[in-house]
Amino acid sequence: MSARRNDTGLLLHVSGADAASIQAGIRMALNAREQLPHVIVELVIQGPCVSFLTAGSVLEPHLAALDGGPVQVVACTNSLRSAGMEAGRLRGGVGVVPAAVAHLAARQFTGWAYVRV
Amino acid sequence: MSARRNDTGLLLHVSGADAASIQAGIRMALNAREQLPHVIVELVIQGPCVSFLTAGSVLEPHLAALDGGPVQVVACTNSLRSAGMEAGRLRGGVGVVPAAVAHLAARQFTGWAYVRV
Amino acid sequence: MSARRNDTGLLLHVSGADAASIQAGIRMALNAREQLPHVIVELVIQGPCVSFLTAGSVLEPHLAALDGGPVQVVACTNSLRSAGMEAGRLRGGVGVVPAAVAHLAARQFTGWAYVRV
């Protein structure tokens, strides 16, 4: 059975207020990479938990485990705005997208898979 | 890179008991429309929170923001039954589907994207 | 409009610690089968709630409702390991996958739909 979609990427969607959800997302990203080494993994962070993506946050050691690796972390700009947080406070390597929901939809239209953390 | 799926629609799946989840879904729907104006957005409401879709509910002003716009709100008939609620009590403009889960699957089979609110 | 993806399967993703989430997943699986009889339904169980998949658990009667039917239940091996549980303790009929997240991605790449319970 051949794939009908590009098996290029996997979206891991984290939403909510808790640091634990981001930690779970990081664990899932690493598990996914181990099993599917050719699949790009993107951790899309939405909601108040974006505040844990700053340099020096309690999640720093967990996020550092992804540094230089193939898992991309992106924060929702709408969520940053709601949290009263400048994108400049995000730690190095964390990207931004204008709206998580639109990003999640656009990626799926090009064949990415989606898992809600 | 061309899209392999029809980029026609986006499912926003709300499930649970809280009015806040529906509010979050409405916000996400409006954000999605702003970024992806050609994409149809459907808010699929499942679980006890369907009771907030009545005329006169506390969510009335939020739901009214969608009136006449391109975001469709649909309630799960199984959930209405579990909540002991007649479909006739739903506010104008709210549609119904027999089972949210089947609707979410069928739409994805024709290329719709899915995001869990 | 013709389907662009194989309408062969539906993933129901259960994650977390609660037995109630698995019960909700079973209900959704049965509803999906009723509406979409030709679609394979797979209940993918991740997180501490895998401990409810043992023979004799409080969910036994609910899981038994799926026996011999077309809904497949699979547990995440990573989650079993985290719960300190041997796969041999799973009740008959419950399968395993190495990592839920990778399984959910791989299935979607071949056209399966995804719903988070």
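Labels A, B and C are assigned to the chains in the order they are written; within every chain, residues are numbered from 1.
Going forward, a contact is a pair of C-beta atoms (placed from the backbone, for glycine too) under 8 Å apart; a residue touches a chain by one contact, two chains touch by 3 or more.
Note that the coordinates shown come from a computational prediction; the quantities given were computed from them, not determined experimentally.
Contact with chain B and chain C alike is made by A. A turn of 120° superposes the CA atoms of chain A on those of chain B, with the angle given to the nearest 5. Interface note: chain A and chain C, two copies of one sequence, contact each other through mostly non-matching residue numbers (shared numbers fall below half of all numbers used). If you average the Cα atoms of chain A and of chain C, the two centres end up 24 Å apart.
Within chain C, residues 4-5, 111, 114, 116 each touch two or more of the remaining chains.
By the touch criterion given at the top, residues 4-6, 13, 15, 78, 98-99, 101-102, 104-106, 108-111, 114, 116 of chain B touch chain C in their complex.
Listed in rising order, the residues of chain A touching chain C in the complex are 1, 3-5, 7, 10, 12, 28-29, 31-32, 34-36, 39, 111, 113-117.
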